[in-house]
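The two complexes that follow have chain A in common; it is paired with chain B in the first and with chain C in the second.
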Partner chain A sequence: MTDLAYVSPRAGSRSTGQRLGRIALRWLLYLVLTLFALWFLMPLFVMLTTSLKSLDEIRTGSLIALPREVTFEPWLTAWGSACTGIQCEGLKPYLLNSLLIAIPGVALSTALGAINGYVFAQWRFRGANLLFSLLLFGCFIPFQVVLLPMARMLGLMGLAGTIPGLILVHTVYGIGFTTLFFRNYYVTIPQELVRAAKIDGAGFFRIFWSIFLPLSLPIVVVTVIWQFTQIWNDFLFGVSFSQAGTQPVTVALNNIVNSTTGVKAYNVDMAAAILAALPTLLVYVVAGKYFIRGLTAGSVKG
Partner chain B sequence: MAPILDIRNLRKSYGATEILHDINVAIEPGDFLVLVGPSGCGKSTLLNCIAGLEPITSGTIDIAGRDMTDVSPKDRDIAMVFQSYALYPTMTVAKNITFGMKVRGVDQATQEQKLSEVAELLQITPLLQRKPGQLSGGQRQRVAMGRALVRDPALFLFDEPLSNLDAKLRVEMRTEIKKLHQTLNASIVYVTHDQIEAMTLATKIVVMKGGVIQQIGTPAEIYNQPANLFVADFMGSPAMNLIPAKVRRDGSANRIEIARAGAAPLVLEDSRPADLPADVILGLRPEDIAEAGFRAGSNVQEAQCHIDMVEPAGADTYVVSELGGKQVTARLHAETSARAGQSMTLAFDLGKVSYFAPESGQRLN
Partner chain C sequence: MTKWLETQVPKLVLAPSFVAILVFVYGFIGWTAWVSLTRSKLMPRYDFDGFGQYAKLFSTPRWDTAITNLGIYGVLFIAISMALGLLLAILLDQQIRVEGAIRTIYLYPMALSMIVTGTAWKWILNPGLGLEAMVRGWGFEDFTFNWLVDPNMAIYTIVLAGVWQAAGFVMALFLAGLRSVDGEIIKAAQVDGIPHWRIYTAIIIPSMAPVFLSAFIVLAHLAIKSFDLVIALTGGGPGYATDLPATYMYAMAFSRGNLGQAASSAMVMMAVVFAIVVPYLYSELRAKND
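What follows is the complex of A and B.
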């Protein structure tokens, strides 16, 4: 109780002033963050509303107005009957192509990255550092540089213009990143674990399968999200190494937008763009919390 | 009896650096061999060589009569307990313990029987369904030992298994390991930097420094007859007093003079050995210097000493006096009347003395 006597009235008023300042700062922070969020969400909003309007309404109304009359016609067109050049099948077959490319591509590059990372982190060999540096170097080679040699390779292997060819391209191109992810994750796992398992009688793959893989969920999620986004959103490889019938959705989207005759169907373009972006969005929503967790993994002892 | 572990002329190099120099050790079945030394002395490397986790550069290692040169760790009939315990984090305690048997294809019934035996022995039965992350340090330690015990190997290897535990638990687990060794009559190689662990656990101690074996012997041999100054200083706490002294041969006896600042030299007499050089380092453990009248022995000599410091430690009282330019510690009984700054008569038990050559550091008697 005696302590109270030492608190002067002026100290009290100063702390009230400080508190008000803190609250004002907090509100300012919220305001700024909300403005930024709106700014970033604006294009999505425009896309979504435009895709739900009829062409007449787009021509007469404002860009950011809500649709007076909601129509799903553009979505159906984008899905099933929009024209990509001479064919008019919509995005449907190309979405399937993209899935056929992305799913095996993600699985293969993740699996190979996991094994590579396991070797680089826990089974050091002569020249490992050099080899790892070269793999990392592979991450930073621009796509354009490899186009011609890759086309020649695919041709020699008889994979030119095929879906397996595109899977191969994406897998090879992804290994650098996936190896980096897994290596940096596994390097935090103590070497004594491998030694204990060796003495227990487990071999290379047994140790990987029984001990390392069960620990890997966070980094697998990070790698899958990264690779899926990369492969799904890829345009350059898709446009270079595909032919009619094997084109991924990004290429088809480009064709839809660029090959309209007469009136530009903005609503169909918008719907198609959203359709093409939906799978990556879905992956983030489903696995996003693991993504954050995985990126910070290793800082906490397991 | 054939040795269970026989290491001959072992050398180990990383590139041009030789880590282990010509190691020769052998132990009998049931022996508890402790490798002890300061960090970086090569003791863990030696253990890893025995385990097969590090390749050796030359020499041979035989375990249970088999040459291990090209045998992989899993086929060496060994089990190992690691400093970090190295428990598999995603497996339950039971799975951790049975993993080795599962890998080797032991049938389910045998696995379960052995698991319950070991769990009972180590009193970890209630923990079997937990994950390592949910265990305390001492419990993890037990599980790590369980994983080794369940294998029933020819040789156990322990790599500083107690150094991650707090002081109290360390003493408890030390006793348990000793008890286990006695119950199972297992052959063990144990690495530690803690000389007290070495003394309490070992039947045989190897003291190492810089990749060279300094001395091999029973704990009593190592403690009472250290082979050189390093061993003398490293083993025992508080450390052995190592006092520079001059020797004069006087008939059949050696007159050993220890210089003292501001006082006449302390002179002790000893008859053996006959051929001491003129300069020696005299080694005497703190407990071999006592208060006058409290020590009986064949050659106990008394002298007045100036006491610089008194350190009561409960059971004993340590007093420090400067002799030969060194702080010499004597271990007196708890109720001693010693006071700092005063003189008192101390009894030196020369029956227990060690002599070392000052340059080479080697033992002379």
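What follows is the complex of A and C.
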């Protein structure tokens, strides 16, 4: 859709009054857009300023006031010594946990999604449609319905409360989306290409490796970003299947905020919240285009 | 033999994922369904007991609250996010010079964890030092805004934070939809002198029906699964005034040790999700095969 705003029939015969009205409308439009931008930015702004204030200043000052005296103390506390219950090591070990969960989880689910998507797109067999539908439905289940048996299964496998257990959970429930992403990308590659390669004697893996994989960079980026955001931001699995030393950062953040010991340190809470949000925010700022593509691909199926 | 093996390679490659899905999705759903039909308490029991757990569930006031809250939250969250998303998309579609930057600002909440969103809004909405205190500090001494601690209003704070997080995403969906409308039709309408707003209401928006549908599905899905946001923002409180089915299920499973109730509430959640998603997926898959 182009130039809807400017093109108008009989543009030449417009009077000055109409033109002024148009300019006013334009100003109003920008004003409304700016107000919404402020509304979206406000929480981030408040988090940031609160995290740089001392508790005294928080108690006496206004919510949206800039810090009179900038202090980085809350950040240091959030990083290294805030209490998540009885332990007081800050967010640092939990950020590491989240990384240790996210990196293998993203790698595994992306790799499986790529090879599955390749099969569904290019090596269709009888029953493939049914399999794909079954996989797709798996994306939509509310995870509450698998929570109890998963806890038991992890126990049986000796993975209860461990990081490998969480990696397994995230990989299994990530496959549906990653397969969908890759399948939808690979169906756009002409089948003649595969046929020609087969005639030349190339097999299943060779075609994947030397034809499909080199073409896959954009969809790999989309999938990695999608999965990383999902796993990093996960709370339900983290809180259900972790224990004291293996909690991901979202769980630790929630514990810091809701820990009842001592004085409520709002500035530390806010610093911790920003720390927990930083990796995904960074990904969003650096690769927003791919982030949005993943979001829309994940919602507009097929 | 090797020839046969070669033709089976694609299936063999799929096998691990398929087995995993079969066990971890369908097997697990089966397990939960079965347990929801037993008298399981702290430990699962496998002797069939009929629909007693469901009867108990629907006679529990706390579940009643959770379902009512899901209704309030779901309807408002979906309606406001869609309305706001559409409005923002249309506003941004007017040849805005800094469109990219504005889009980035509107959409960034979607990159945040619900726990972060909840933490931020919990701080902003806390009556003692947050918005309420700020407005009072401006001289409006009687100003009250204590939804967060008011059992009747707390659920609306969840709507507020949820909309804040999702509106930009809906905007992105609608914007993509607006841009994919056939430009020729719009040009023709402009040549005919049809007013700007009529072009939207009569041509563009009606042709975006599929986008509305997918936005609705995604939002409904988000609403039913909402768990983190409630935990971080209100913890289900005050009391259990902001409980949702997801938090009810979690409480039964992990703090009350009532597996039967946890399983039956999870099954009800799944039924609600499937009632919305299955017809949609079915039509999508069929449309693709035709």
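Methods note: the second predicted complex is superposed on the first by the 262 of 302 C-alpha atoms of A that agree within 3 Å, B and C clash if a C-alpha of one lies under 4 Å from a C-alpha of the other, contacts with A are read in each partner's own complex, and residues count from 1 in each chain.
Note that a contact is a pair of C-beta atoms (placed from the backbone, for glycine too) under 8 Å apart; a residue touches a chain by one contact, two chains touch by 3 or more.
Given the structure is predicted, the values throughout are model-derived calculations rather than measurements.
With the C-alpha superposition on chain A as described, chain C and chain B fit side by side in the combined arrangement. Residue by residue along chain A, chain B and chain C are tallied for touches, and C comes out ahead.
In the superposition on chain A, A:Arg59 contacts chain C only, with no contact to chain B. Look at A:Arg68: by the touch rule set out above, it reaches neither chain B nor chain C. In the superposition on chain A, contact of A:Arg22 is made with neither chain B nor chain C. With both structures placed on the common chain, the touch criterion links A:Lys198 to chain B but leaves chain C unconnected.
Contacts of A:Pro190 after superposition on the shared chain: chain B is touched, whereas chain C is not. When the shared chain is aligned, chain C comes close enough to touch A:Val283, but chain B does not. Chain B and chain C never share a C-alpha pair closer than 7 Å once the two structures are laid over each other. Chain A residues in contact with chain B (one complex) as well as with chain C (other complex) are 302.
On chain A, the positions that touch chain C within their shared complex are 1-10, 29-30, 32-33, 36-37, 39-44, 46-47, 50, 58-59, 62-64, 112, 115-116, 119, 123, 125, 129, 131, 133-138, 140-150, 152-153, 172-173, 175-176, 179, 203-205, 229, 232-236, 239-240, 250, 253-254, 257-258, 266, 269-270, 273-274, 276-277, 280-281, 283-285, 288, 291-292, 295-296, 299-302.
Contact residues of chain C toward chain A in the complex are 6, 9-11, 13-14, 16-18, 20-22, 24-29, 31-32, 35, 44, 88, 91-96, 102, 104-117, 119-124, 129-131, 133-134, 137, 164, 168-169, 172-173, 176, 178-179, 181, 183, 186-187, 190-193, 196, 199, 204, 210-211, 214-215, 217-218, 221, 224-225, 227-228, 231-232, 235, 245-246, 249-250, 253-254, 259, 262-263, 265-267, 269-270, 273-274, 277-278, 281, 284-285, 287-289.
Against chain A, the residues of chain B that register as touching in their complex are 48, 51, 53, 72-74, 78-80, 82-84, 86-91, 99-100, 103-104, 133, 147.
Listing the residues of chain A that touch chain B in their complex gives 190, 192-193, 195-202, 206, 210-211, 214-215, 302.
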